[in-house]
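Each of the two complexes below includes subunit A, the first together with subunit B, the second together with subunit C.
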Partner chain A sequence: MSQARDAVTAPSPLKQWWLKWRFHLNILLLLIPLGFMPKYFADAKMFRGESGLGANPIENIAVGPWSISLSELLAEAPRQDGPAGYFKAFNASLCSSCGSEVKAAYLRIGKPRSLRAAGTIFFGNPHRMSTSLPVPARTRADAELWITLEGWDGSLHQASVPLAKASPATLAWLNKQGGKP
Partner chain B sequence: MIFKAGRLVLPLLLLACAGPALAHNPMCQCEPVDGERIKCTGGFSDGSGAPGVTLDVIGYDETVLVPGKLGDDSTLTFKRPDGEFYVLFDAGPGHVVEIDHADIGEP
Partner chain C sequence: MAQQSKKSKSRLWFLVHSWLALPIWFFVLIVCVTGTLAVVSQEIVWLANPDVRASKPNDDAERLSFQQVLDALKQAEPDMAVRYISQPDGSHFALNAAVTFPDGTAPILYVNPYTGAIQGKSPDFNFEGFTRALHGWWLVPFTNGYSWGWYLVSLLGLPMLASLVTGLVVYKRFWKGFFKPTLRFNHGARIFWGDFHRLSGIWSIWFIAVISITGTWFLIQALLADNHITLSTEPITPVIAREDVPLSDSKAPVPRIDLDEATRIATTQVPGLDVTFAQLPSNAYGHIYLGGRGWYPLMFQTASVNPYTRKVDASFLVGDRSALEFVTESMRPLHTGDFGGLAIKLIWAFFGLLLSMMVLSGLLIWTKRTAQATAAALKRADRTPRATKVTGEAATEMQP
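Presenting the complex of A and B:
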């Protein structure tokens, strides 16, 4: 039996380097999450309302005696919710004095036919209400967003803003749909 | 070793199964079943049905032509009214779906 066979063969320099330094991969566990931190904090700030209502805010839209500020939650195209179609999240804030006078706020693409069909309802506190607006793929590029406010006294007031102004990303998405039926 | 790999994979699988919180938006589809009748099916995007939910057929002049409620199978079949109308699936204020007669089509 030769000496050479009993001796432990020395690993290659590359392997030695790997065995010595591989534990430093742990640093990646810290560095990778750090890369996502700015987006995480920006999102947290946005959802807490510290960075305003959302993207592309339209301030103080006059609706009868009241006013409302409207903003899309994120500057992005509508998201699909299964077979129910595409939806776009909007936030709104009632004027500070009218929060106690307004019973309900609705949002719809196109002028509502009636109060029953006034569109999707806003929920949440009057300073930061949210809703999910259905966006049909065949919506015209010049469509208007109609806001309907219903007062506790039974009065109804409406106003409209161009969809293109409230959500340029939705307009871009509609144009990309290319006139689907 | 297999057990160890399993311990690693299981949490990852559980994480993959955790979907985002789903809203349940109302949805409604109407289709002609023969020359005269229309069948509407209502439900919610989380997969639940809508038995007993109001579904009205309303004329363009806002008169209710067919007041109805969805049956146990979340459907309602009614005779196609003359003239222009729309179907309103009404699951409560702000939870409605409108379907115009022009979108229902012919059989």
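Presenting the complex of A and C:
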């Protein structure tokens, strides 16, 4: 119908281009899944745990008598979850012998004052667990990530790693936010 | 004059109908075909892979309880952690056990429900996941909220609904087609495909309506989620309070109730709860999460059992849903047809195939007729200014 009008008015070059190429939209649309296929399979492999713990792993961080490996899920800046703020997903795995002794693992930016403020708890199992860490945009670039491990007997042990080492992408993001205390 | 305008209106509807799926017909076709495959993807895997079948070792073999299965798994692979066990819909399917090995790999194991034997693990290529991802979001990754591929596919619900409505408007007295089905084979391809398009169209009215409305719901769902609006009334179960988890005298974990005990507690305290999956606590402060289909088969009912206090800390039943949730939560199963076993899935797959064929037959008719009709209309418009005016008015009319 629109062509009927175009027949009387002079068709613009844009319209002519559209009329000539519109069916090629099909090809463009088909290129989308083809282009994303490698990414799809890489992601599927990652979620099956076959690409290792994650990006920038820090292996065997000693936490008291135990040790833990920590890794960011993706080498990228924190993602915004609506009004809740920015979050960064981390994965961890406990040493093979300590899995049964550790009751819970927590992650926090800055040293926790008590167990109640130990940070976000890890979900999963000793071989692979994950947590979503809130990262305020005003976090200092030299901030430390504190890991707290709680034993079934009530014992507590802590260790820290530089946030910049655990997630260089987060550091770059913080620098862009103009992160001041 | 009134006659004239009625006629031109009907021609307008006809043109709208003819142009709706174009120029993206191939995209629409692939979405329909992958959707059809996705409906029966589980059954295709069942046919292709013996590991996912629940073969009975002998006639009087009985199904094991979830805890018995868990014990069998622990015995076979002592270092492996089990995340959940679930029975797919249909007793001919093996149990799925989601596990994590010490090296961090996290496959699904197919477990025999009668013996607890591990029959195999999920292959690297997940056919079900792939067809669903291709159909549902065109493989575009979810990076921030819903993927734009999801929007791309779910937007098709609107032209599909419009196709249904305009199709019924232009098909005069379509209900007569039910009593006098016409499918002429020996009048050439154009007549055959025209008959096929109309005949499958009227028998698919209900299906096209269901698929396009539920498809449009997926669009609304994404819009709501991306704008952080939730309609859910499901309570968020807080983690178990620190004081509810006893301290251990030794370094070893405090004993927790097993899956069978949790199932017993949940099914006694929550009437009508059917347990077809059991998720193990995701850390020391987590619940045993159990559930299955409710009396209304489109919805699941769940319960969270505290493994220390033995209390059902939370449950979410069919009756707990708000009226709005009843509608919105029914949308997904109505779209996928996975709420009534194999029979429903086969009906969905059949009509999915028919819908795919309608896209194809619509295209064939279009190439044979609409292209010529449009060219003819163009020529007429060139010659008689009055006709141009009518079409011109109509064209403005249809623009929202």
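FYI, the second predicted complex is superposed on the first by the 146 of 181 C-alpha atoms of A that agree within 3 Å, B and C clash if a C-alpha of one lies under 4 Å from a C-alpha of the other, contacts with A are read in each partner's own complex, and residues count from 1 in each chain.
Here is the rule we use: a contact is a pair of C-beta atoms (placed from the backbone, for glycine too) under 8 Å apart; a residue touches a chain by one contact, two chains touch by 3 or more.
Here the structure is a predicted model, which is why all the values come from computation and not from measurement.
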Touching partner for A:S114 - first (subunit B), second (subunit C), both, neither: first
Superposed model, subunit A: greater residue contact from subunit B or subunit C: C
Touched partner set for A:S93, first subunit B, second subunit C, both or neither: second
Touching partner for A:G85 - first (subunit B), second (subunit C), both, neither: first
Partner chain(s) touched by A:M129 [first = subunit B, second = subunit C, both, neither]: second
Touched partner set for A:P13, first subunit B, second subunit C, both or neither: neither
Contacts of A:D43 with subunit B and subunit C, given as first, second, both or neither: second
On subunit A, positions contacted by subunit B and by subunit C: 82-83, 104, 116, 121-122
Parts of subunit A lying in touch with subunit C, wherever the complex brings them together: 1-5, 7-8, 22-23, 25-26, 29-30, 32-33, 36-37, 39-40, 43-45, 47-50, 52-53, 79-80, 82-83, 93, 96, 100-101, 103-104, 115-116, 121-129, 151-154
Subunit B-facing residues of subunit A, complex: 81-85, 87, 104, 106, 113-114, 116-122, 131-132, 134
Subunit B residues touching subunit A - in the complex, by the definition given at the top: 22-23, 25-27, 44-45, 47, 58, 62, 86, 88, 90, 93-98
Subunit C residues within the subunit A interface of the complex: 12, 15, 22-27, 30, 79, 81, 83, 100-107, 122, 124, 126, 129-130, 133-134, 138-141, 143-144, 149, 152, 228, 239, 242, 245, 247-254, 282-286, 374, 377-378, 381-382, 385, 388, 391-392, 394-395, 398
